[in-house]
Amino acid sequence: MPRNDGRKNDQLRPISFTPNIAPHSTGSVLVAAGNTRVICSAMIEESIPNWMKFQKVPGGWLTAEYSMLPYSTLERKQRDSAKGRIDGRSVEIQRLIGRSLRAVVDLDLLGPRTLCIDCDVLQADGGTRTASITGACVAASLAVEKLIEKKLLTKSPIKQLVAAVSVGVVNGEPMLDLNYLEDKDASVDMNLVMTANGQFVEVQGSGEEQTFSESELAAMMTLGKKGIGELIAAQRAAISSASAETPEPVGLVFPS
Amino acid sequence: MPRNDGRKNDQLRPISFTPNIAPHSTGSVLVAAGNTRVICSAMIEESIPNWMKFQKVPGGWLTAEYSMLPYSTLERKQRDSAKGRIDGRSVEIQRLIGRSLRAVVDLDLLGPRTLCIDCDVLQADGGTRTASITGACVAASLAVEKLIEKKLLTKSPIKQLVAAVSVGVVNGEPMLDLNYLEDKDASVDMNLVMTANGQFVEVQGSGEEQTFSESELAAMMTLGKKGIGELIAAQRAAISSASAETPEPVGLVFPS
Amino acid sequence: MPRNDGRKNDQLRPISFTPNIAPHSTGSVLVAAGNTRVICSAMIEESIPNWMKFQKVPGGWLTAEYSMLPYSTLERKQRDSAKGRIDGRSVEIQRLIGRSLRAVVDLDLLGPRTLCIDCDVLQADGGTRTASITGACVAASLAVEKLIEKKLLTKSPIKQLVAAVSVGVVNGEPMLDLNYLEDKDASVDMNLVMTANGQFVEVQGSGEEQTFSESELAAMMTLGKKGIGELIAAQRAAISSASAETPEPVGLVFPS
Amino acid sequence: MPRNDGRKNDQLRPISFTPNIAPHSTGSVLVAAGNTRVICSAMIEESIPNWMKFQKVPGGWLTAEYSMLPYSTLERKQRDSAKGRIDGRSVEIQRLIGRSLRAVVDLDLLGPRTLCIDCDVLQADGGTRTASITGACVAASLAVEKLIEKKLLTKSPIKQLVAAVSVGVVNGEPMLDLNYLEDKDASVDMNLVMTANGQFVEVQGSGEEQTFSESELAAMMTLGKKGIGELIAAQRAAISSASAETPEPVGLVFPS
Amino acid sequence: MPRNDGRKNDQLRPISFTPNIAPHSTGSVLVAAGNTRVICSAMIEESIPNWMKFQKVPGGWLTAEYSMLPYSTLERKQRDSAKGRIDGRSVEIQRLIGRSLRAVVDLDLLGPRTLCIDCDVLQADGGTRTASITGACVAASLAVEKLIEKKLLTKSPIKQLVAAVSVGVVNGEPMLDLNYLEDKDASVDMNLVMTANGQFVEVQGSGEEQTFSESELAAMMTLGKKGIGELIAAQRAAISSASAETPEPVGLVFPS
Amino acid sequence: MPRNDGRKNDQLRPISFTPNIAPHSTGSVLVAAGNTRVICSAMIEESIPNWMKFQKVPGGWLTAEYSMLPYSTLERKQRDSAKGRIDGRSVEIQRLIGRSLRAVVDLDLLGPRTLCIDCDVLQADGGTRTASITGACVAASLAVEKLIEKKLLTKSPIKQLVAAVSVGVVNGEPMLDLNYLEDKDASVDMNLVMTANGQFVEVQGSGEEQTFSESELAAMMTLGKKGIGELIAAQRAAISSASAETPEPVGLVFPS
């Protein structure tokens, strides 16, 4: 039985990366995973957090912010700034994005700078946090290339690519890369963050107010690893095509 | 002597409208005025502010929010939500956008609903508040069309189109539609908000810590009225082409 | 047909300035424009905003805060501090007051200091923002005189006087200096900020959810310029009488 | 040895009450105790706090807010609204003012309304909290008279007058009604709130980071009771003169 | 090679539960896991969140709050209330506690009530979030017993016990139940939340800015499952002993 | 007629001090006064408030924070951090605790450090602020002993012990050390803070929306002084027993 959008259980949604979506950023990309679209940006700030100034080893920092634009959902979502504080879910997600990227970045190589990752969801259809991580890694790679070009860095601090994908159990079936309707019906929701060489960065499985078994966990891990492999390949293609073809900021063109 | 981007003093920057940039919104558009790009959205909320509930005449409301995305500027701009409050300039701008749109919307025709305008600056190169108003009017028009199509409205509450443009005096020369570098050097900065039939909605001229003369004011008014006429024509073209050609959400394609 | 308070269309409300209303301030005045009364104060702080410290040209700053006292309106107005944030209208007004004063103050002459303007509305009957600007200019002038007397300044940084007035269209009639009832019924509301030598500092006309024509704009400008001239004369009289008669801070003497 | 302003140890500063300082308030007064000046207002809100709605006995409430205007001190005091929260000292003082007034007001007679007391310090020279209580009682009395006149109340809910005064020990000498310089040097600071019939409402003595003896306490109590008697007499005179002479709100007339 | 506190790699720290630590709570316990000590409380509020009121299925809710007391760490930790907002880590942890408990509670059986879990860390030595979950389950069980006793519930909504434990890799060695020093040196940190019948509720493994391999993951899972079994046994003993021996709330008796 | 818990009018509730309740704190104690239980902690921070840095006399500071844990009351109390601000009552109490302790501490002897007092109410049954002061003095004494032992201080900055007790008038009877039910019915509530040598630190009597007479005041003072004497004796015993018997931090041992 096919999934609600015709995919097979182990099939990713189409993924695409449109580089340079925000030309004032050092590196930016619009990542589209099916109908989920996230603007990802990576910018350098020439400062580090106060608490780092007292560390022995001088080095940089990487921080991430995540936000859903108010029109990303079918019912308008109130802005955090209008509420005066960031909601708990966003806090959790931006901490996850930050940890995931820091796992593959050599902060010492950055120097006393902060790499600021921003992920703004333009359209939400499930998997916004995993798309954010996957896109942020591409944005960071593009930013680093520009910094090397400008002689601000001599060597890339990105040790390897990192990507993320969701897996879940829907109506008893383990499935890869859930869209919103699947996510809503899932009895388990799991996010895998992995590197190009097959190492884990984060494993977050949650029974969503239910529980799950060890065999479900195993099936989800298998699906997830398959998906990560394909995402890493897509990231690589996007990064190399952006660098080769677009010395100048490219326009904002979507795949037909 | 030509301007820093080769334009004549009375020449607008190229303006374009990409409809349906945020497909979950009722009506949305990416407006590009030169290098200034703003995502404009118009969504309906089925409620009205508390203070309206005690008004005699039942009717709707229109509200606007404006924000600069952190990567819209060459130095990353801190998010309002991270600061816990909206900065003074954004408050002023979103109040202006709201007033400008309400001047051309028949709120009684809306019914007890709120039309929520959102303007998020993707790239800032001067004139973000005027581009926001001009784009928001297109987004609102697209939203109203969809609401009429869905029989939620029987008649458009938009009485006429509204557009906005900046004018200023730079090195003694009155100029239309200032970009960021011109804006920084301007001795006067003025924003005109006008309707399709040539009425004024807002006139906001500020000496930017300096003063200006009556003849400078007159010259700026003349330039501004010329620009508004061209913007209204561009809005009309965008609205009619979006409705005619794109029954389905169009992709995000930029003018070459 | 006379106005609701018997004035002619081109007639200001009686304006008066009571100096030294807050003797601990460097310069203060209670300005009364009809029934609108605002306490205006100008005090020096021996510091400048952080962002100025990195500017090339060393110099001072001028900042303004505006607030309505809770008993200034017929229904008690909640304090901003009780809400935890300043409301949007107040933000807009205090930014306007600051810009208006900075347009006539030579900040470099101030030295590395901040001139802090405070405007607290004691009674609100329309035109509180224009009365605030007009009064703040007098308060600042008195403060500067005292600083010169104390040898903290050698030369006045106030290049010329600035005053503000509202104009509007009520029942089709252009009118000068609207009171609250007129303001509520106005189809256009405009604030003019001008200097003693007839230059413009700010022109802010708003259709108040309606639109207005070019001829209405012209009629309002004419009324406004007449009003500004009279206000500047009243400011001059107040400043010279305060300086002449009260070398020492006058006490706050109320009718027995 | 006389005090720094020539008073005897058991002598109050001159106290005066200027009624109707804020004509939009139901009842208002400017109280001056020496150089300490506080605007006191009492206004009715036609609502009660949420927590009262579940009380068995229907009745009203009385609440108080206290604030120092930024120009009330010789060094400008930052506004609470600019900090986003009310400082601890103000919280403590406004709770004291509220308790003191509620001790003499029959809340049941108020009906389901809130009597809102506001105290804004225009000039601070010691004793601002006691002047606020003394002035607030006069403002509340004037407000109640107006409500009775308007038939909104049939009987005054104010059971008797309440006044407050500070006493302290300065250089070993017990003194009444300390000014700022005395307060700064005091080894004990005590505030007495008492009623017209000699009952206590609040007794707050604090060693100000020091301690005090029982005999010092006794001496301060004696001074305080004397002062309260004089303050109650001054309140009575102010209330009866305001009512007799000013059936209509008096204007705010300043010396020409 | 033994661990820094002499334990074997697969050995839990001593765990103990002191019931009724906060006698005003419906159910409370002090959980001690080695030197980590957390006060856990479960109280009923007779209301549900607003967003639940529109749900079709009537039922209850369970919410959790987590906080570190300022003296729980060797350097005093600033209170969230002093900062005006809850820090990101606490937000993440209290969301985890809430999800974990909701996975084993039948919210429909609760009726339209909220079960409020509070976890306050008295002493922090690693594993505060897992101790919080383990202790909260005991507190909730004691609360439910009391509600059944009082006939407020007829049947326990707790479907089975839930416990949590940390596992990690320290110096290449997988270890169970890390203390603070081990946690600081760990290259992987993982939290397992599991039920009495061996199902998973949450699996959260994080490379702590590093990555980990599939075999490390497998080793940690094995250790974690062993630990969970022992924790569930300890919870059972604590619950049955608390119910048998202490029909009345036990006092808080400390060593003489 | 005996009191609701069988005590005589001049009888304290049983008071006990459990030292080292929070072993990571420099000095801590759980104080129990009847059913009121408060965790009191004293920790050193190696910094002083900014405003002290400009003082002539170098020296330390002492600050206090007070909070009710959400499960300290029979109806769960919302956390301040969830509301985003500290409630007025807590602000008032923590200011009182700070002033009371500073009255007996020689801040100059502390050096440029801050002694941070924390009082968290575990169970509230009246008199939480007085128990907090009494317990905080013991916690501070234990902290100072440890600092002297560690050679961080050469001499104790605690000049003498300070204790606090409530007194009140309930049904016309003056009573010592009110519990919650008595406090709720009291017509007067008074808190006395006194030192070991019989000096006053704070006297705070409040008619709780009523008034009280001079003879009631005298009777309460007599009761209070008796209670303070007993509390100081209990503090002394607790401090000397804690120091004698527990050279090492005692563990937190609960009944088996």
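For reference, chains read A, B, C, D, E and F in written order, and residue numbers begin at 1 within each chain.
Going forward, contacts are C-beta pairs under 8 Å (C-beta built on N, C-alpha and C of every residue); 3 or more make two chains touch, one makes a residue touch a chain.
Nothing here was measured: the structure is a model prediction, and the numbers come from that model.
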Touch-network distance, chain C to chain E, counted in steps: 3
Set of chains whose contacts include both chain C and chain B: none
Equivalent of B-C within the choices E-F, A-E or A-B, defined by over half of its residue contact pairs recurring: A-E
C-alpha-based rotation, chain B on chain E, 0 to 180 degrees, nearest 5: 120
Distance from the mean Cα position of chain F to that of chain D, given in whole angstrom: 30
Inter-centroid spacing, chain D versus chain B (mean Cα positions, whole Å): 51
Length of the line joining the C-alpha centres of chain A and chain D, rounded to whole Å: 60
Where chain C and chain D are represented by their mean Cα positions, the distance between them in whole Å: 31
Numbers and ranges of chain A residues touching at least 2 other chains: 84-85
Sequence of touching chains round the ring, chain E onward through chain F: E, F, D, C, B, A
Chain C partner contacts - residues on chain D that touch it in the complex: 16, 18, 21-25, 28, 30, 32, 35, 37, 39, 41, 43, 45, 65, 67, 69-74, 76, 79-82, 84-86, 116, 118, 120, 122-124, 250, 252-255
Residues of chain E that touch chain A when the two form their complex: 85, 88-89, 91-92, 94-95, 99, 102-104, 190, 195, 198-214, 217
